[in-house]
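Each of the two complexes below includes subunit A, the first together with subunit B, the second together with subunit C.
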Partner chain A sequence: MTVLETLLMASVLSAVPLMLAAAGEAIGQRSGLLNLGVEGVMLAGALAGFVAVESSGSFVLGCGAGLLAGGVIGLLFGVAATRLAASQIVLGLGVALAGQGGTGFLFRERYGLNQPLLSSGMSRPFDHLDGVPVVGPMLFGQKWFVYVAWVAVLLMGLILRTSRVGLVLKATGDSPFAADAAGVSVTTVRILAAVVGQALAGLGGAALAIVEVGFFSPGMTVGIGFIAIAIAMLGRQDPLRIAALALAFGVLRGLGAALQLTSIDIRSEFLEMIPYVGVIMLVVVMGRRARLPASLGLAYHRGARGE
Partner chain B sequence: MWFRRAFSVLACLGILVPMVVIAGTGVTAREAVDRVAIITPASRSNQGWDQQGVDTLVAVGEERGIEVEVVENAGYDDITPILRDLADDGVDLIICHAAGYQTVCPEFAASDGVPVVVTENPGAVAEGLVADVETQAQEVAYLAGVMAALETNTGTVAVVVSGEPPTWNYMTAGFAQGVADTDPGVEFLYSVIGEAAYDDAPNARRTTETVIAAGADIVFGMGDGATFGMIQAIREHNADAGDGEQVRFIDVIGDKSDSDAADLLLTSVLFDYTGAFSQFIDDLDAGTFGSVYTMNLENEGVRLLDPPIEVSEETMARVDEAAQGILDGEIEVPAISDAGELSDFLDALTEGAA
Partner chain C sequence: MSMTAIRAPLLSLLATAVVGTVLLLVTGHDPVVVGRVLAERTLLRRSGLEESLVSMAPILIAGLAAWIAARVGLWNIGIDGQAIVGAVAAGAIAPGLGALPAPLMWVTVSLVGMASGALWALLPAVLRARSGINEIVTTIMMTYVAFSLASWLIKGPLKDEALVAPATCSIDVSRRLPDLGDSRVHVGVLVAAGIALLAWGLARWSVPGILSRLVGEAPDAASTLHVPVSRYLIAGLMCSGAVAAFVGVLEVLAVRGSVQGDWRPSLTLPAFAALFLARRQPAWLIATSLLLGMLAYASTVAPRATGLAPDFFPMLEGILLIFLAIGEWYRRGLRADRARGGASGAGI
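Here is the complex of A and B:
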């Protein structure tokens, strides 16, 4: 495989955890919930997924464990943010910190000072086609989960754009009073959005641990959860835009590693800046049209309008 | 009259002598060290820099009956509150186990009077307060470079680092020099994962995949927690390659020959802090604390791991020969700590090879 083929293939793979987490966050944001704790949710999903695969050998179970871990945190977050009307900012930061500390503690409790590694057992269903030059490995050399994740996010985008589910979600985020008047239970929708959204973030964490790197280590998300929040906002809570942005971020990050191997004499610090400068440029270009749901981060109190 | 003078002299001596004795014992008869703390920026289970430091101190503590307090995951922010807590707890010595603590720990020692050990900062050494440990691993990295140049099949070797701290830079320069001295025709690749990407395993994996794609079949990785990303990239490559070209890994600091990485490990530049930590505790007991301890090939503070996988006798003989050359002073290995100087050095080596 050439450097370019490796770069493209790795970019598609590395976009998956970011894309799933950002798409999950987008669902919550559409409903009016802002969860700053995606980093912690991803870590919880990563640990749950890793433990499940390490003990059972099943990647499907690992994905399920990641979904479950994220979903449970989403349920707690959703209930606290809606029924208890707790501050979403404080809750989110708490989830982030608890996720970082809690997963480190649990990992140490289970594995002590060992660092188990998973074998590369996940199959590649189309690898007989990856001989196609340049784009072959990127399109056909991926593990099965990568295809599932991309298809799931694209389908989710279509559903949110075209179905009543998407409309209801948007209404609860943009105008919860109108949604309530139309017979929609804002609290229920938001709790469900939190569960589904954070389950996806948990799945993103599991993907990082069991699909991308093949092990768990405390703090291994190294900021991906926070980047996911920014990408969800930049992508205007649209999974299709989010998928494109996650891929662009992955390509730009891989570009830094590839450029170091060329004869171009640039210090590594500048190359490391490439994806972030790229995101800033996207903010400048796309930020003008970016809009957030009107009630994002605000608790909904029935009958409180105008008070 | 003479009686009164003699009495006055004796009285003065009677006061002065005990004062001198008391003052003297105050310096030399410091209570024995019974509690030592170590602060690490990352997890003590990363099988790298942090774990090696903690494990060694715990072993030294058990051997000497000293209580060891471990503060891990302290990060690279201001650790003054942690230092203050440890001082309040009454520890006798604090080992600040990161180059990133070079400034804060000497400042704390000066203000609070608690002795500290710093890393790679000999200029901060102060009598009774600050000692320094230097990990001059470039000599052993040179030997790893000799081995890599002789063992590569593709003619390309790579260094992947999780940052550019002095410790990594020393080893990169030594390794590159070892490769160039052994076979100038071997292509040398150098890739930095990030500025302080010590735990960035996903990025480490991508970076390693890139250097493998560029032809490297031996990767010298310095990463701490990120190292496992490199190892996984190589494991996956080797599994996919089947009977094809296998990539081998050269590790640093800890011994992974009993881990899942054993089958791809060519060798490792091992660090052993036992001598350094023991020396500092002895110095503190003796009232002579405040020295620089250099871990090097000669005192076996750093050494090369015997290859867990098969390496030719000829290669091992060349490595032994190079080791003797270093000990005899016939081979001089550059000690480069600064990232800018390292970049210039690697450019010069590449141009020389061309």
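Here is the complex of A and C:
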């Protein structure tokens, strides 16, 4: 493979965890929930997915474990943020810290100081076609989960744009009073959005561990969860825009991998910095155009209108 | 301080202890043994108490930094980045100031370090104040940039060539901040507690202190009263960054004498745990950061003493934050959030 082919292939692959997490965060944000704990949810999904694959050998089970871990955290988050009216920001910071610490603790409990690797990789269903020049490896050389993730996020975008479900979600976030008056249960919608959204973040974490790198290490997300929050906001909670932004970040991350294959001498610290500087620049350029649901971060109290 | 006021923090601590105990049982540890060993190591031995006090200082300072930003209604999630920037700035200039008498060197290094931390908070502050761009994401991103930048500086231009492991040049032990009496507790701990009391006093009795609260809780009312809101926001986040950088200054002037290549502060989230446990009162922060300082020290002795992974303790702090968020005390804060039109700011 040429450097360009490697770059393109790595970009599409490394966009997947970020894209799933950001799409999940977007669902929560649409309903009015701001979850700052994506980083912790992703780590929980990564550990659950890794343990499942490592012990059963099944990647499908691994994805299921990631979804489940995220969904359970989402359920707790959703109930705490709606029924108990807890501060979403403090709750999210707690989830981030508990997720980072808890996954590190459980990983060490199970594996000690070992760093096990998955023995097998995921199958690549279309790799007989990857001889096509330039775009071949990017389009046909990927592991099967990459196709599933891209199709799922694009479908999600269509569903949110065109279906009643998308409208209900948007109404709950933009005007919970109107949604309530129209017979929508704000609490139920928000809890469901938290479950589905954080299950996706957990799946994103699992994708990072079992699809992209093939191991788990404590703190391995290094900020992807926080970048996902930014991407969800900048992409106006639209999965299609989010997928495009995530791909751009995939390119930035892939750039690091590809540059190391060339003879260009650049310190690895500067390569590490690229995605974070990218977010800051994107926020500076697009920040004013980001749109947030009117009730984001606020608990809904029936009858509290006219505050 | 009435009993009702501290009920939620106490219940949160209790609930955290229960969850921690259950997790210990599930993972096959004996909670009684773990509890006894850690209590003995952190409380009953003089050395443990001293180490806990040393571990308390960074949490107390970081908690103050979080509090200063929260006072004007901002969330500084970039404390770790500002701390490492302060440390690198201090580590870069301190060894070259050999001509200055030690106290003058301490003051100079502190001022330079804190100014660097304030500058590191400048971009998120300006973006928030002028364009309404939420500071949570930008301060976190600045932390990751700071980590990479610091790592490059410590391995490259600032590396002490006499050492194999990457670190900045060290300052001589005789020129570091002195210890209290014959203990291992450095003066910086007292300075940190002093800053906490000073911050509490300024917030209560100075005009900017009182106005900053107005800016934080009712920005619309503040601008109606011609309070320069955006200037308060920028100053608030920069002050917060300066205080956060003092963590790094102490690392150089008191703890290690230099910045080690593997030094990665992770104080931001524990700082918020300490702050909310203290019910956002800087004076109470002294007590709660001592408690979290004990946990921090416990996490360093736990692996050998009990076989417990150090990550157990940050996990407990995260669970504590979750319970504090749920706790009834926070509902009062929530009303303020609503009056403010949401905690999320105008833009992203």
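As a convention for this text, the second predicted complex is superposed on the first by the 272 of 307 C-alpha atoms of A that agree within 3 Å, B and C clash if a C-alpha of one lies under 4 Å from a C-alpha of the other, contacts with A are read in each partner's own complex, and residues count from 1 in each chain.
The definition used in the following text is that a residue touches a chain if its C-beta (ideal position, glycine included) is under 8 Å from a C-beta of that chain, and two chains touch if they have at least 3 such contacts.
The structure displayed is predicted, hence computed values, not measured ones.
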First, second, both or neither for A:R267, with subunit B first and subunit C second: both
First, second, both or neither for A:S123, with subunit B first and subunit C second: neither
Which superposed partner A:S56 touches (first subunit B, second subunit C, both, neither): neither
Which of subunit B and subunit C A:V222 touches, first, second, both or neither: both
First (subunit B), second (subunit C), both or neither touched by A:L7: first
Which of subunit B and subunit C A:T188 touches, first, second, both or neither: neither
Partner chain(s) touched by A:E212 [first = subunit B, second = subunit C, both, neither]: first
Comparing the two partners subunit B and subunit C, which touches a greater set of residues in subunit A: C
Touched partner set for A:G104, first subunit B, second subunit C, both or neither: both
Subunit B versus subunit C as contact partner of A:N114, first or second or both or neither: first
Interface residues of subunit A shared between complexes with subunit B and subunit C: 104, 108, 218, 222, 267, 269, 272
Subunit B-facing residues of subunit A, complex: 1-3, 5-7, 10, 14, 17, 104, 108, 111-117, 119-120, 208, 212-215, 217-220, 222, 224, 253-254, 257-258, 260-261, 265, 267-269, 271-272
Interface residues, subunit C side, partner subunit A - complex: 27, 75, 77, 123, 127, 131-134, 136-138, 140-142, 144-145, 148-149, 151-152, 155-156, 269-270, 272-273, 276, 309-326, 330-331, 333-334, 337-339, 342-344, 347-348
Subunit A-facing residues of subunit B, complex: 43-47, 51, 73, 164, 189-195, 197, 199-203, 205-207, 209-214, 225, 228-229, 231-232, 235-236, 239-240, 259-261, 343, 347
Subunit C-touching residues of subunit A, taken from the complex the two chains share: 34, 36, 40, 80, 84-91, 93-106, 108-109, 218, 222-223, 226-227, 229-230, 233-234, 267, 269-270, 272-273, 276-277, 279-280, 283-284, 287-288, 290, 292, 295-299, 304, 307
